[in-house]
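There are two complexes below, and they share subunit A, which is joined by subunit B in the first and by subunit C in the second.
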Partner chain A sequence: MAVTEQFLELAANGLVYSSIIILGSIGLSLIYSIAGFANFAHGDTMTVGAYATLIAFGAVGGAGFSILGLPLGFFVALVIGIVVTAAVALVTERLVYKPLDIGSIGLLITSIGVAFIYRALIQVQFSSDSRRFDIDRLRPIEPLVEYGIRITKHDIAIVISAVTLVVGLHVLLQHTDLGRKMRATADNPDLARASGIRIRRVELWTWVLGAGLAGAGGAFLGLFNLLAPRMGFSELLVIFAAVILGGIGSVYGAMLGGLLIGMIVSMTPLLSTVGIPIGGEYAAALAFIVMVLVLLVRPEGIAGEPVGGG
Partner chain B sequence: MSQVNAREYWTDMNRAEQGVATFMAVTIGGLLVAMLAGGLDPTYFLFLFGLGGMFALMSLGLNAQWGFTGLINFSVAAFFGLGAYGAALMTATNSPVAGGFDPIFGLVLGLVLAAVFAVAIGIPTLRLRADYLAIATLGLAEVIRTVILNERDLTAGSQGLRGIPGFFENWPVLSTFPEAMPGLRIEIIPGQPVVLELSFWEQLLNVSLLLVFLGVSFFVLRRAHRSPWGRVLRTIRSDEDLAKTLGKNTYWYKMQAFVLGSLVMALAGVFFAHLNLFVDPSNLDPITTFYVWVAVMLGGAGSNRGALFGGFVVVAIREGPRFINELPPAPVRNVLEGIINVIPSVTVEIPSIVLDAGPLRLLLIGLTIILVMRYRPQGVLPPQRELIWPDAIDDDEKARPEMGVREAKTGEIDD
Partner chain C sequence: MLAAGCVGTTDEDNGDGGSADDDGSADDDGSSGDGGGDQYSIGMVDSLTGSLADFGERNQRGVELALEDVNAIGIDDRELDIIVEDSEGNGQGGVAAAQKLVNQNNVPFLIGAVGSGVSLSIYESVIQGTDVVQLSQNSTGLALSEFPDLLRMSPSGQSQSAALADIVTEDGYDEVAITYINDEFGESLTDAFTGFYDGEVAFERAHDGEQASYSGLLSDMNGSGADAWLFITYQEEFATQVNNMFESGYEAQLYGADSNRGNTVISNTPEGSINGMKVVEPSAPVEQDSFQEFSSRFEEEHGEEPTVWSAFAYDCVITAALSIKAADEFTGSALSEVVRDVTRPEGEEVFSYEAAYEILDNDGTPSDIDYQGVSGPIDFNEDGDPVGTLQVLEVQNHEYVPIEFREG
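And then the complex of A and B:
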């Protein structure tokens, strides 16, 4: 029974972690397909979101009624954080990436520089120590502890918010003009341009959406763990693993990949319980190995399949 | 080289080369003056030089992979770490496997580990597209770091390995060289003597080891780059399909370049273990990889000279922030305030930002990457005349370079 209990606990935790990874991987995948390069600054964009939310929360304060243990002020701060992150991404795109004429590998390397600058600026302001939101930590929800599941209301809030954002994105992609243009551009930029779609505008919207979701992911990551200048960079490879598993360029693939990779990372401690000598400290390493295997066996990812694609 | 030749050499250089040469001369001259004036500890100067050489060595290795062949390797830190751990595991006093061996065995183990892992990482990843290769190698480097951090029975984990001896410990004359040298006292500016003692001679020994590593790697790589083998690599870099069409097994060539570069990186690791005398998993932090990338990009992909130059600049970026803890730096601010406040009745205080070394370092490295990519993506010292064997132009053929090109091309068809 111990195994079942551990399984349930890890699965519940994995669901929360996966929602955060999904928010990160959707943005990375969108930017990968529309801007055309692997954005190594995406992890640090999440960090920007987390700290922007932290500052906004400090200004707004924990006033108002609370939902799932989170004051209304937090959600206001979250929205501000998302907007700030999107703005930071737009400014970066305009100042750094736009003037370059060096191909996707050059952009990839440049994005590493951008990542360092984000992290340096955050570290100048907040030092390298970790912080947390000024919200009381909650005890695990009682009725669930019986089953071995230890999650707090905050965790539930993270999952619900992530699902809301993801559904919102789905509606946007499927049922709005912008969404159709984005899908067309991701699919075939030249054809899209020829059909009269203003690619530049679509590109900018991609950055706004991708960075905004990453910002939300970062804020939730800060709520789930702690805020630290390295928090986003540490998750970057896990997010890459999710995007590659899902299939680069596919938003729905990124969601599925995020869920799977998040679960793999969270479930790793289970391996030693069932007798495989791989400890929890190898969780991320396992995700990277899965990533390399996917690249080898099926570089187009899960969603590359005609049937399962979105 | 006679003086006439030196002048010819100078006029022969292009502007970038002259700029770099001047910059290097001024920097080294400035450091020497500071040292003789007693402002900079000579031992520390040698230590910095050693670090610069170490980064230059790693840059040479990466240059063989990225510059020659176009392989995006983001696992530089892992190979550096493997070299360092190979050396440390054989020699450290608290090594869980085999401490106390002669450092030469450490050198061998470091290189063997690097070669084995290079093949192991290369087999799955070298077939991948460029950007996937970047992500995959970064991921696998993290796997190696995680293993070294957690397998305490093999690597002593986060405690690290200590008590590593100097490289020349068991050598006949060199082992006692630092003790045998007299303590020198040079006093150029009265009252500020420069003392050269034991630690200086030990450091000098380290630096000479580095110079040997650096010299051997530089000449091997330069020779390789100009050889028929090097030309195949350059063809792969510019057009892999073309190389395949010419009947080359590109995967096999890429593997060779990958292993060769990784061995040079491991050499830097071996040197580091004997310089620092302590090795721990933080030495495999991915940031090292990016430092080396900056060095190679700054120098110019494919340029061995550029890699040497880049290595030293990166150490300036890495170590410089130790001395600057606010922006603008205090002396600059004092001078500026002094100038402004000459006008009576006006007192201006220039605002300053207090900075830790860590973020300033990140900021500088980030800015360097972006500025290089924006304004000089080919690097400061891009390779010149790279397809031409030097004999073909350096002698009397200089006036007719087309001749040299043709000769070099004929050579290419022959192999």
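And then the complex of A and C:
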């Protein structure tokens, strides 16, 4: 196969996968920067979103017109799924994280426990069998196949939806009051509090947004692949790599990191074609090596705050 | 990674308490291992979650039926109790589960595991060097044959690989592209296949489990030019791969091993996406009365026919129970002395726990019975492997249809 064709095919697939990773990494970065700890339950939060969307879609049904091969009901279910995920995160925060006064490492370990709880509850309810949304799978878009690009309308829907959500977040961060307060709190919590910002309010909104995006990512992951109790957890490592690569605390870094890691993982098979003997099975390893190399040169990540800086 | 190292062990007590049918007489025959006054407790490591969860679930169903049969009669007036732990389908989980069972519960007999790599890890890290008997319910990876004390109820994948190689050639393909799950099972069956296959292996690559997409892999397989594609992987991974193929517009003649055939694949892939695919798997003795009875009970209980894997799990429990009955005491070394003989060809052929128990109860020794399981004659050889037959299935109208039997 011609190199250009393979490049386009892998890049297109990579874009879809990256979209899902980005939805996870932004949420993780948000929570990391404002709640102050690495939330190991973030992958399973995505799983919660996927299953919540599944239930909602089962209730709403697939009637009505379709956009890009997805019934209107799916988008409605998606919104419900996002809301449910945010609610679950808020409840967890209130019941588990907030009362614990144990520092960020302690919270990290606690979040591992929370991850197990999410996963176990889902498994009790749904069994560990894989399942999928009741939406027919599609064939690749014909006119693109001759260029080597093999994606379906669903893939396009995933990318567009992810872009929409990310742009929406950007608008929120840059042009709304809440966004301004979030950025201020992330930058310097003490100063923010001193200038009258209600930190608690900002924290809660961060959880809502972070978990909501994760929930959307989970739903799309379920559409892209399958739903299984470990679906989100399986991607957690990659999402963490994306956040660290992009720089902890930077939402835009997380976006960039997610894109980079997702693309590297998806496009590794191209290397063998151009003569570099790194096989496709080393994709994940390659992504992490790139992350380490970047950190060696720039320990704060691409867009993070300099380590030890203000 | 921190999270990956953490193992959740779920304690599922499979021994149904019920009422121990005690007729009042003293039931203690002197020595007993663990298990307290009225139970013999053995351990089981099963893949209740993870890539192999389908098999885990089917196994538990077979185990339930077996416990019904065993505890209807009991073992010397005691019930059999099985403590089940989750391997999560991977080596770390399996080893942790086995450690718990052996070190905390002191079981002398361990049924485990499903994944071949998991069974090996358990054997090498926990069982080897102790006298605990290990009997794998579903592992078909070739390496288990190298450890004679690691018994298994499912035949070695060697015969599957040989059969697949023959079938691919018979179907007229002199080139094949192979992808296999990146573990002991996938590797060993693929190695055996390439050893048996006469044609050219145009493409061979391992893949990791539980990935969100295998598009890159499939793109390369497509680029290899081979029209026959062999997948040696698990159901969840294979379902993802089929969906990726469908959405990328790739077509090929598909072949698979026992591991990637099942309900998860059928219910999660589009109609027609795998039509014509051929799969080889161990076969149960479908003509045998005891199997047919097992099958109808299973169907009545669960609304579907049993897979051969449930039959293996069933036989593991029966074999364990018969070993306990036949052994001098409830310890690993005593059990390991009798476990093979209860199913070996010396002795009267018996087809149920009840029939076997009767002989043993009347001063029978293990060599007086030859338990024929619902999964086949068993007959552990010196490598700890059973005898088996194979079945070839073809996907027609998005359903698996048996098309022939082959000798194992």
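Criterion: the second predicted complex is superposed on the first by the 301 of 310 C-alpha atoms of A that agree within 3 Å, B and C clash if a C-alpha of one lies under 4 Å from a C-alpha of the other, contacts with A are read in each partner's own complex, and residues count from 1 in each chain.
Here, contacts are C-beta pairs under 8 Å (C-beta built on N, C-alpha and C of every residue); 3 or more make two chains touch, one makes a residue touch a chain.
This one's a predicted model, so the numbers in the text were calculated from it and none came from an experiment.
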Fit-or-clash call for subunit B and subunit C when the two complexes are aligned on subunit A: clash
Partner chain(s) touched by A:237 [first = subunit B, second = subunit C, both, neither]: both
Partner with the higher number of touched subunit A residues, subunit C or subunit B: C
Contacts of A:136 with subunit B and subunit C, given as first, second, both or neither: second
Contacts of A:115 with subunit B and subunit C, given as first, second, both or neither: both
Touched partner set for A:75, first subunit B, second subunit C, both or neither: neither
First, second, both or neither for A:150, with subunit B first and subunit C second: second
Contacts of A:57 with subunit B and subunit C, given as first, second, both or neither: neither
Which superposed partner A:128 touches (first subunit B, second subunit C, both, neither): both
Partner chain in contact with A:279 - subunit B first, subunit C second, else both or neither: both
Clashing subunit B stretch [against subunit C; choices 218-226, 272-280 or 380-388]: 272-280
On subunit A, positions contacted by subunit B and by subunit C: 112, 115-116, 120, 123, 127-128, 237, 279, 281, 284
Subunit C partner contacts - residues on subunit A that touch it in the complex: 1, 6, 9-10, 13, 17, 20, 40, 112, 115-116, 120, 123, 127-132, 136-140, 145, 150-152, 154-155, 221, 224-226, 228-231, 233-237, 266-269, 272, 279-281, 283-284
Complex contacts: residues of subunit A adjacent to subunit B: 37-38, 96, 99-100, 102, 104-106, 108-110, 112-117, 119-121, 123-124, 127-128, 237, 240-241, 244, 279, 281-282, 284-285, 288-289, 291-292, 295-296, 299
For the subunit C and subunit A complex, residues of the former touching the latter: 1-4, 6, 8, 10, 48-50, 53-54, 56-57, 182, 205-208, 210-213, 215-217, 219-220, 222-223, 235-236, 239-240, 243, 246-249, 263-264, 267-270
Contacting residues of subunit B [partner subunit A, same complex]: 72, 124-125, 127-132, 134-136, 138-140, 142-143, 146-147, 149-150, 290, 293, 297, 353, 355-356, 358-363, 365-370, 373-374, 377
